[in-house]
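Just below sit the structures, each encoded as structure tokens.
One chain, subunit A, links the two complexes that follow: it is found with subunit B in the first and with subunit C in the second.
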Partner chain A sequence: MKPSAFDYIRVDTLDEALSVLADSDLEAKVLAGGQSLLPMLNMRLAQPKALVDINRLAALATLGRLEMNLAGVATQSPDTAFLEVGALVRQRQLERYALEEERTRLIHTALTYVGHPQTRNQGTVGGSLAHADPSAELPLLFLTLGGTAIIQSTRGERQVAAEEFFQSYFTTAIEPGEMLTKTLWRLPVPDEGMAFKEYRRRHGDFALLAAACTMKIGSDRKVQHVRLGLGGLADTPLLVDEVRESVGEHWAKERARAVAEAVVNRLDFADDYQASSSYRRQLASVLIATVLDAAYEDALAKEGKHGVDQG
Partner chain B sequence: MESEQFRWIGKSLSRVEDERLMRGAGRYIDDLEPFPGCKAAAIVRSPYAHAHIRHIDVEAALQVPGVVGVITGADVRREMRPFPVGVPAPIEYYPVALDKVRFVGEPVVVVVADSRYIAEDAAELVHVEYDPLPAVIGVEAAMQPESAVLHENVGSNIANHRIFSYGEWEQPLKEAPHIISARFEFPKTNATPIETYGVIADYAPGTNEYTVWANFHGPFTLHTVMAQALKIGTQQLRLCVPADIGGSYGIKSAVYPYITLIALASKLVGCPVRWIEDRIEHLKASSSGTDRVSYVTGALDENGRVLTLKLTQYDDVGAYIRAPEPATLYRTHGDTTGAYDIPALYMDNYAIMTNRLPTGLIRGYGGPQLYFTLERFMDIAAHRLGLDPTEIRRRNFIRPDQFPYRTLTGGLYDSGNYEAVLDKALELSDYRAFREEQQRSRNGTGQGQAGAINRPLQGIGMAAIVEPSGSNMGYLGVAFTAEERARQLPKSGCTAAAAVAIDALGGITVRIDTTPEGQGHETVVQQIVAEVLDVEPRSIRVIAEMDTATSPWSVASGSYSSRFAPAGSSAVYTAAMRVRRKLLHLAAEQLQVPAAALRLQAGRVYHGDKDTGLSIRRLAGLTHWSPTELPSDVEPGVYETSYYTIPTVTPPNEKDQVNSSATYGFLVDVVKVEINPEIAEIKVLDYITVHDAGRLLNPKLAHGQILGGLAHGLGSALFEEMVYDEEGQLLNGSFMDYLCPTVGEMPPVEIAHQETPSPLTPLGAKGLGEGNTMSAGAAIANAVADALGIEPTALPLSPTRVWDLLCQGNVGQPKREESHEAIRI
Partner chain C sequence: MEWIKADTLTAVTLHVNGRRYRAAIEPRMLLSDFLRQECGLTGTHVGCEHGVCGACTVLVNGEAVRSCLMLAVSMTDTEITTIEGLARHPDFPAVYQAFTENHALQCGFCTPGIVVSAMAEVVGRKKKEEEIVDVLSGHLCRCTGYHGIMSALREIT
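What follows is the complex of A and B.
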């Protein structure tokens, strides 16, 4: 378990990094936290000719709120907010930041499932998204909340919506020579209910299945807005379309079960020694219903509070 | 020795080892550089489970700068003999594959280079051509006549088959009122120490001698096996073991083929060679426990007394039945009937070879497999008869007045009080209250209704097992028939060796043969010698390194089968007592008083209450500095050795009975589980375990050992199994998918003790640390059965397996009858 020989290039500026990546002879791979990359190198599952170490690029480690909408227009509305997460932000750093306020709580919860605190000290948000493991929590959350990925190269910068970012197993919209430099995450509005649930065999394990949900209900108790994402079921995290039928309707427990039923009926479930397809199907069914109900309960609790605040 | 007088023995001293380990100053095999100019080895391994080797091309590998040499099967065939094996069948096992590969990961070529990095680069360039063969997976498939055969000269995949019968085993199976049969499966599991195998070998051509450092821990019978394979005399193999080994739990016993391989590499390339195994290699190609398919049929009378047991056991020993297998079937021979007074037994034992990783020592070693079957059987029988599981145990337990108890199979249980341990466990777990609440809940909530259950289901389960310790070197003889044994030299004993020395300035040093891998032997040895000589424990230097050229040792040396407490400590105690006697004799001569009137206190000699002015330091000093002034019957120096064996571990007799272990402890586990039937997840609510390991030498260490054994048992109960596909590929060969329990998975555990000292050891101690590895699978499965009303028969009880059970059964219909007998607590 020793890697094959590689060149190690440590850069001090983003331009240097992009130049290295643009040089196809170098065949360089980005080294940030290394928590996924280095084991792959050691097991010789990946044999890049060079590693470009970007850990000194402080400009990629910014973390903070952006008050603007998706069109990039600054807005005074307190409801529309994005979290700007530099690619080099450590998972643990985001976890601690996200604990500070209610709107980022879902991010905090999901992050507590990502590996262990020790790996989160080193692993980066950008690294996790670029790695695109179909069972990983950060890709699931990024997709469920919605947002934008900022990708740069020597040719310039481009933006990719979260819905287009994850393409297949360990495959994203990032092209050779490009690097993910930051992501913008849509923050749920203050009274949006949220829930995250994951099934895994042991503390710190990869998810067998995971689900994230945000749901906004109005004072009339009708669903205004709902997003449900599933991880571990396909080659990328999935956004569930069936929930859209609930918009404009009153929520009820039967709805959660109906959505779960509809979703599991159209999905294929892998059958292997870790879990039979029958068991995965059951887990998915329970997971979807549970997380929808939990998001609704959370929304109710907040709506009452919000209603009180507003009143 | 009386415990009321003990100052050190039986006390919870902190470990002396911890200081260096916590500071990162431990010296493990990979920290050592015993030979200058050492090169590194990497091993090319088979990607196939079963294939002929058609051609090996090492030319490209040899061209890589930094490569110093390559070893192939041709070299091994020329230089080595097959390892002696423990069965009559002519299986040829070498440290590399010769003409055929028989398991994925089997070594094929060794590359030696300046560094491990370069060796791996070169290993990638070794080209091996294979002709794949059908892989044999699964014991029952391996026995089919149309199955592929791994060893052509053996003719079948049955490495060993033995039948045993004791007492009137057959009649009750026809006549008894209750006949119960079941089939069980126990998984193939690993031991996963944090430190992997390591070997550093040097061949000295001038003297034709090998010096090899390795984290090997015995049994040192394997030293003779290694020497014979290398075609050298045993004096030509100097095996050294570091004082610090990062865990083993049995699995490092099987580093021995690698010891010979790397030693040979050193000889052939002409320089010392180091090989440090990586994790992928370890999970795939080191060693493992056996998986077992067992069939049990038992007959019981109207009162639930077991009249006879018929056991058919199929153990998969992997691609080669390598020494000391089939020990996994015979280590527990003497305690096959467990804690029960069963009058008849029939056993049909098969050791089967399949295209998977070969097996060997592992914590529990046959005990987990045996007791999963036996303790599940007792529970199934209990429910068939309408008895509480605790009640059927009471009716079958060996009684206190029956000790020492000779089992049907030759085991000699030295001491015990089984019912008292059961009572304590039931009290601590509030068993009666749980049963009453369970009854109320089942009556009240109408659990008889069909349909989906979506509230958690709780259950309680127990296991009661005899924990053997201190293996008899002779037990493997029952793998042979009595006639075959008569033609061999007899084997017996559990010899441990120790030496206690005092130097010219009174420094006390002890050498031990137990090659600890983290058990804390140095600490307990300090306690024992401190007790005997009445000095401060920390003033005693314990040398835990082993050196076969200079340490006292014998074939039984090492640590395995929890032998430190019964055997190792006894040798230390005996050697220390010899030192004490010599010192007091010398003092008595000097003072002209009887030695019996003298005692040691705080390093000085007292006559009654009077300090005689003589100290240990002065007396020992005299033996070094001025030996001519010694009495004629006192030799210079202070160096006492003890080779100690317990006399009851005698060879097997002609009736295939053997006392397979020196001492037998006992434990009862009571476990409560809660199952969420929606997601088939088992949560262990709490785990009570009460142990009787005779006198505890250090309760703090015992506690740690028990927790470790319990975690390992929890592993096979809920998480651990090595999974292979039909082509023999290991599917879960990393810690991502081979699931060991971590701290996060441990339930709340309460450990309690009872001490019925062994009459066989000077300190009354028995071994411990393997017990819960043997019992946890059964205890948890019994609790799951109690919760669901369905009988689990295979481990681990992963959620997907539990889901299958739930789908097959009709949860909510109580399959198990309510107890007719009141619970006696």
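What follows is the complex of A and C.
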């Protein structure tokens, strides 16, 4: 359980990192927190020729709010708020930051399911997304909230929406020579309901199944918008289209069950060492309905409070 | 930029428990192996070597982390504290006492890692039950069944 030999390259600037990554003969892997990479190195599942240690790039470790109007211009009276998270921000740092306000509560909740405090102290947000484990919590949240990945290389910078970022098991839109440098997390609007549910065999394990939902209802209690994401079911986290049919409608428990049934009938479930396909199907059905109802209850509580404030 | 070739030995200096330790190592050496083999600090135990068991937990800049998931060569900018360093901390006797009185250990292999986490995350921090569970979930213990450890951690929070 020791890594095979590699060149160790510790960079002091982003330009140095990108120029090392641009050398295709080197086949260098980025070392950030190392909480997924080091186990793979120790078990020799990965044997890269070189590691680029980016831990000195303090500019990638910043975290803050970004308020924008609908035209995408930063402003004081925002329609949309993003959390701007440098790729090197530690998971624990984001977990503590996200505890501070209601609109980032879903991010906080999901992070408490990621590994253990001892791995979140070191593991980075960017590292988890770039690793793209299909049952990991951060990729699921990034997709459900509607995030944007900022990817850089010596050729420049490009932005990739979360929907296009995750491509398959452990595979993202990051090309050879490129590096994830920053992520933007769209925050729920004020009064938007949210819920996160996960089932796993032991605390800290990867999810057998995880579900995240945001839902906004109006004063008429009709659904204005809703997003539902699932993790652990396929080769990437999934956004569920079926739930969009609820927009403009009143919510009801039957609706949650109908969405859950439609989703489990569409998806394939596989047997593996952890659970049978029929068990997974049943679990998915229950968890989807539960997370939808929980998000609705949260939205209802917030809408009610809002009404009282105005009255 | 600092570029160390594979298979070459390079002298690095690490700050551990307030002392400086200098050794010639390969880039692939894990922090856990540096502590045990180069510093002789064998209180840091090595169990699974892939980040699951928590026996190798140490503090890096005051935060509990797994030393088998860190490269020694990348730790030159940091302050490392092992169980040997924490044994001199004024909070340590209370932790020792609580572990003894609550049967929080049997064979003791996992204990140094758990005590390191407890010192960083639990002692005097008024943690809620689920937060203590979250901290302890980062450690495997095959003897106690965890109840004794939870009782000890509740006493010191």
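By definition in this document, the second predicted complex is superposed on the first by the 301 of 311 C-alpha atoms of A that agree within 3 Å, B and C clash if a C-alpha of one lies under 4 Å from a C-alpha of the other, contacts with A are read in each partner's own complex, and residues count from 1 in each chain.
FYI, a contact is a pair of C-beta atoms (placed from the backbone, for glycine too) under 8 Å apart; a residue touches a chain by one contact, two chains touch by 3 or more.
As the structure is a computational prediction, the values presented were derived from the model and not from experiment.
Student: Where does A:V286 make contact in the superposed view: on subunit B (first), on subunit C (second), on both, or on neither?
Tutor: After superposition on chain A, A:V286 lies in contact with subunit B alone.
Student: Does subunit C touch more residues of subunit A than subunit B does, or is it the other way round?
Tutor: On the superposition, C touches more of the residues of subunit A.
Student: A:R202 contacts which: subunit B (first), subunit C (second), both, neither?
Tutor: Touch partners of A:R202: subunit B and subunit C.
Student: Is A:Q167 in contact with subunit B, with subunit C, with both, or with neither (first, second, both, neither)?
Tutor: In the superposition, A:Q167 contacts neither subunit B nor subunit C.
Student: With the two complexes superposed on chain A, say which partner A:A275 touches: subunit B (first), subunit C (second), both, or neither.
Tutor: first
Student: Looking at A:Y8, would you say it contacts subunit B, subunit C, both, or neither? Reply first, second, both or neither.
Tutor: So A:Y8 only meets subunit C here.
Student: Looking at the overlay, what does A:Q159 touch: subunit B (first), subunit C (second), both, or neither?
Tutor: neither
Student: Could you tell me if A:M43 is touching subunit B, subunit C, both of them or neither one (first, second, both, neither)?
Tutor: Both partners.
Student: Considering only the touch criterion stated at the top, classify A:N265 as touching first (subunit B), second (subunit C), both, or neither.
Tutor: Touch partners of A:N265: none, neither subunit B nor subunit C.
Student: Intersection of subunit A residues contacting subunit B with those contacting subunit C?
Tutor: Touching subunit B and subunit C on subunit A: residues 1-5, 43, 202-204.
Student: Over in the complex, which subunit C residues touch subunit A? Could you list them?
Tutor: 1-7, 26-28, 30, 33, 48-51, 54, 57, 60, 63-66, 68-71, 73-74, 77, 117, 121, 133-135, 137-138
Student: Can you check the complex and tell me which residues of subunit A touch subunit B?
Tutor: Touching subunit B from subunit A are residues 1-5, 43-44, 199, 201-206, 272-276, 278-279, 282-283, 286.
Student: Under the stated contact criterion, what part of subunit A meets subunit C in this complex?
Tutor: Touch residues, subunit A against subunit C: 1-12, 16, 20, 31, 34-35, 38-39, 41-43, 49-51, 53, 55-56, 92, 112, 115-119, 121-122, 202-204.
Student: Would you pull the subunit B residues touching subunit A in the complex into a rising list?
Tutor: It comes out as residues 116-117, 120-121, 124, 278-280, 678-680, 719, 723, 731-732, 736-737, 739, 741-745, 798-800, 803-804, 807.
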